[in-house]
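Structures are listed in the sections that come next.
What follows is a pair of complexes built around subunit A, which joins subunit B in one and subunit C in the other.
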Partner chain A sequence: MITVEHLSKSFGDFSVLRDISVDIKQGEVISIIGPSGSGKSTFLRCINLLDRPSGGKIRIKGIDMLDRHTDVAKVRQKMNMVFQSFNLFAHLSVIDNLTLAPMKLLGKSRQEAERKAHELLRLIGLGEKYYCFPDELSGGQKQRVAIARCLAMEPEIILFDEPTSALDPTMVSEVLSVIRRLAKEGLTMLIVTHEMDFARDVSTRVFYLDEGAIYEQGTPGEIFGNPGREKTKAFIRRQQSLYQRLFSADFDLYSLNAEVESFCSRHLVPLKSRHGLTLLIEEVLQLYGTSSSFFPIDITVNYSEKTGQLELLLESPPGSANPLELQGEDSALGLAIIRNLLLDREFTHSDNRNILKLYLKNP
Partner chain B sequence: MILMTLAACDNGGEGSRKQGYAAVEELKSERIGVLLGSTHDRYAASHFPQAQIFQYKSPSDMVVAVKSGKVDAAIYSSAELEELMRQQQDIGIIGKSLYSTMLAMAFHKGDDELRTSFNRFLASIKQNGVYDDMSTRWTKTGNHEMPVIPESKPATGTLVVGMVHDMGFPFITVQNNRLVGFNVEMLDRFGVFVGRKIEYVSLDFGSLIAALESRKIDMIGSVISITPERAKSVDFSDPYYEEQAKVFALKKNIAGAIPETDKKSDGNILTRFLSGTAESFQSNIIQENRWRLIVRGLWVTVVISFLSTLFGTVLGGAVCFLRMSNNVFFRSFARAYISVMRGTPVLVVLMLIFYVVFASVNIDPVVVAVFAFGMNFAAYAAEIYRAGIEGIDRGQREAGIAMGFSRTETFRHIIIPQTVMRILPVYKGEFISLVKMTSIVGYIAVQDLTKASDIIRSRTFDAFFPIIMVAVLYYFISWTLLLFIGYLEKTINPRFKRRTVPQQA
Partner chain C sequence: MTIETIKQTSALVVAVSGRMDAVTAPEYEKKINELLDSGEVSYVVDFGQLEYISSAGLRALLSTTRRIRDKQGCILLANIVGNVKEVFEMSGFGSIFTVHATVDQALKMLPG
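Take a look at the complex of A and B:
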């Protein structure tokens, strides 16, 4: 249905998409996820040439979109788009928004077009709003009308560009349920979205875009259940990180505490976990402080907004021991406190780094 | 106007006027009215250096100024003054004549053929007694009938004569909606003499020589005296009349003159006002079927307004297209056009097009007016369109394109309908100012509503009534046209024809 080969796009010197190749079959529902600015929307807009690609090939049902002789407008009639900002025609009533293109482009009679429009509006639950104007509708209603306007052209492909991002949380579900319903009807759909649960439910395949390329793709089960690569994992878990490097045993503990404190409040880490984390850092660094062979230490705090899981990573030079296994009078109390705070721990040593991973208990 | 009013207040001069003027010399520090560009103008400037000199564009304006006390006295020509005093009993002449001038026809520099043929014609009518008969009829007896002039042979070709139509008796004026007067009769006879049809073009006094030099007219048939200065730009015929320059003022300001008793002093204010209005209505509208002049002027004004709006709307679209194009050359051209058109008075553009651009082309001045006003309107319209188009968010255009409309179709079905609705209110305002702006077309010899009232005023010397009437008529035109646009606005706005949910389920 849609074949993309080595697609690239840059705005001036700024490269947005780099070498994307995908093959999408009829009836597939593809969710495109990824951090902001990763080129998701640009990818979608390149497919219907709203943005012209800088290089590569795009074929829709075998038609080369970048060929000068291709009637792009004709192809677009079968491949409609739903926008983040709805883009309903402000001068036309709901019914006229739905009948304009079928009448002008498909040559339908007004009667025929209106019959179809009525049917679609009832389908999306807006049977009462035929003669309203766009500015009289709520955001969710507008987006449902926009979807119906696409359907009125009887397309085979629909591109959704963040269809719920401009909506109030209360209106998101009404739009998503309409899209869910379409997914079951065998339309080929590409959906750029930030709604992870929705993407997992509705799609047959998920693309994770990062830095202008498809970083990882797979079934929703693979991507959401068991992502293969680091960035995907971090994104799926909505992981936030804080990184600090300590050069010697004389590091500034108060400044470090202040950083951790502000990181926690920025990401709304619950107060109890926050206390646990500062206590853990203090106690662990006490152990590390006993020997200069541990320094420099790289400290990373990871917080998953999704699960509330906090983890602490400490990387020290190779050859150093596991500080949690140090024996001694002084460290016994500290070790007891640490053990009490932890859910799990893990020590790995490789050629160049020794890594200690500590998983905090969820209070 | 305001300046003059202010000056009138400053210089009330009641004290000096008590006795009334006995001689011209007493005027040396007073307010004196003259015709703009006339020999009187120059005379007053050199002989009354301390006086305040007010220059008027038409004799009627000057007479009204004297009658309403805006000036203390004015200089004018003897033949016209005699005629004037027959109608206006409250004015009189101060002292003796100042100097005399010779009236003559004026021709293109070097157009000796036409000039000598006029001189031959003049000599012949002086010889056969026609001239004496004409001069007695027009200047002495007050008989204002145009005689029937026998045509000897059918006319071949035309002769375009420029003149000030509202000069006043005895030389040139409009009576019963027809141009009459000594000059008119003489020129009609000259037409028969040379076998050409005379076509009269109405011009302001100040535009006469410019029109002749740019060959808009073949000769000047207006009341114009020979001066060495004018002889540099035109060739004069032999003189056909000798005029005396005289000073006139209200009789009550002249020593020894017996002022008219006020006829309207009886009755209360209301009945005086009503009878005054009725009288003005009678003289300004009914008499001599003057309403026809107004109707014709009204029609010209409406036609010019309508056609220039139409032309300007289309041209504005083209300018807007260039202004929004991606081509740097087109864009800067449109930008320059808009800034020039908005930065220059439309009157200047009008005169430039008439006297320079179409100098050697015989073109209907109404067409020139439509061009000039249309070009001016286009500059404003282009910017209005641009604001309207840019005000529509990009998303709607993208939605149209993503649905499969071409760029042009998107523009037609989605952008245009919204732009039109947005811009109409601003557009209405521009349109009204255009209607009012057309009142300056008198400058290029078009008889519109304003000019019609000028002509009527030149006969009735009524300052108040014709001006108020014209104001009311302009308001009426704007109001009617606004109703029309308002109706248009309603029909294209889908919200006005909103349908309701049908009962079918």
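Take a look at the complex of A and C:
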């Protein structure tokens, strides 16, 4: 249905999309997720040529969109787009918004176009709003009308560009439930969204975009349940990270604490968890401080805003022992505290680094 | 960490506040050693205003307690709450020391 080969897009020297190749089959519902600025909307806009690609090929039902002989407007009639900002005609009533394009472009009679518009408005729960103007509607109602207007053209493909991003949170669900219903009816849909639960429920496939490329793709189960790559994992878990390097055992504990405290404040880590994290860092570093062979140490604090899980990663030079296996009276108290703070721990050796991963209990 | 002392009839009340960690624990040890050297042997340590303690703080507490007992003195702990109480429980310290709910309760345990 949609074939994209080596698609790229640059704005001047700034590369937004790099070498994207995908094949989307009829009836697929694709959610496109990823951090802001990763090129999600540009990807969608390139597919229907609202942004012209810098390179690559796009075929819609076998038609080469970049062939100068292609009637792009005609292809767009079958591949409609719903925008974040609704883009309704403010001077036209709801019914006129829905009937204008079918009459002008599909050659439908007014009677036929209005019959279809009534049917669609009832379908999206706005049967009473035929004669209202967009300004008389809430954001959620406007977006539902925009979806109905799109359906009035009887498209085979719909591209949704962050359809709920401009909405008040109370109105998101009404729009998502309309899109859910369309997904069940077998329309081919590409949806750029930040609504992760929705993407998991509605999609047949999920593309995770990062740095202008499809970094990882898979079924919702794979992407949300068991993502394979680090950036996908961090995004799905809404993970925030703090990095610090300690060069010797004479490191400045208070400076490190200040960094950790600032990180925790910025990401609203609960006070109870902050205390556990600060304590864990001090206790573990006391153990590392017993030998210069542990230094330099790279410390990473990962915090999942989604689950509240805090992780502490300590990377030390190869050959250094697992500090949690130190014996002795001096380390016994610290080890007892560490054990109580942890949910789990892992120590791995590699050629270059030894990595200790500590997972804090979620209080 | 701030350490304040108040002389009572039966003991010296040592009120610690702030953080008792790897950086500040030596200050506590130094202070108690100075007091011991000046002949003070009965202590009630008030933890009510202490926000944070780590194993370094606990070790300082343990080593000073040994010195006090070596001099036939006594040390009672009081007012251990919140995060500090949790660390005491995690480390098993709660079973090593008798902890009193308030400074007054601790003082009553000592001969006037």
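Just a few scattered comments:
In the analysis below, the second predicted complex is superposed on the first by the 363 of 363 C-alpha atoms of A that agree within 3 Å, B and C clash if a C-alpha of one lies under 4 Å from a C-alpha of the other, contacts with A are read in each partner's own complex, and residues count from 1 in each chain.
Definition applied: a contact is a pair of C-beta atoms (placed from the backbone, for glycine too) under 8 Å apart; a residue touches a chain by one contact, two chains touch by 3 or more.
Just so it is clear, the structure is predicted and the values come from calculations on it, not from any experiment.
Contacts of A:Met81 after superposition on the shared chain: subunit B is touched, whereas subunit C is not.
Shared-chain residue A:Leu333: touches subunit C; no touch with subunit B.
Contacts of A:Glu282 after superposition on the shared chain: subunit C is touched, whereas subunit B is not.
Number of subunit A residues touched is higher for B, counting subunit B against subunit C.
When the two complexes are overlaid on their common chain A, residue A:Arg229 makes contact with neither subunit B nor subunit C.
Looking at the shared chain after the overlay, A:Ala90 reaches subunit B, while subunit C stays out of its contact range. Shared contact residues on subunit A (touching subunit B in one structure, subunit C in the other): none found.
The part of subunit C that touches subunit A in the complex is made up of residues 21-23, 52, 54-56, 58-59, 83, 87, 90-92. Looking at the complex, you find that subunit A touches subunit B at residues 48, 50, 73-78, 80-81, 83, 85-93, 96, 100-101, 104-105, 128, 130-131, 133, 146, 149-150, 153, 159.
On the side of subunit B, the complex with subunit A involves touching residues 392-393, 395-396, 398-406, 409, 413-414, 417-418, 421, 494-495, 498-501. Residues 253-254, 275, 278-279, 282-283, 286, 330, 333-334, 336-337, 340-341 of subunit A touch subunit C in their complex.
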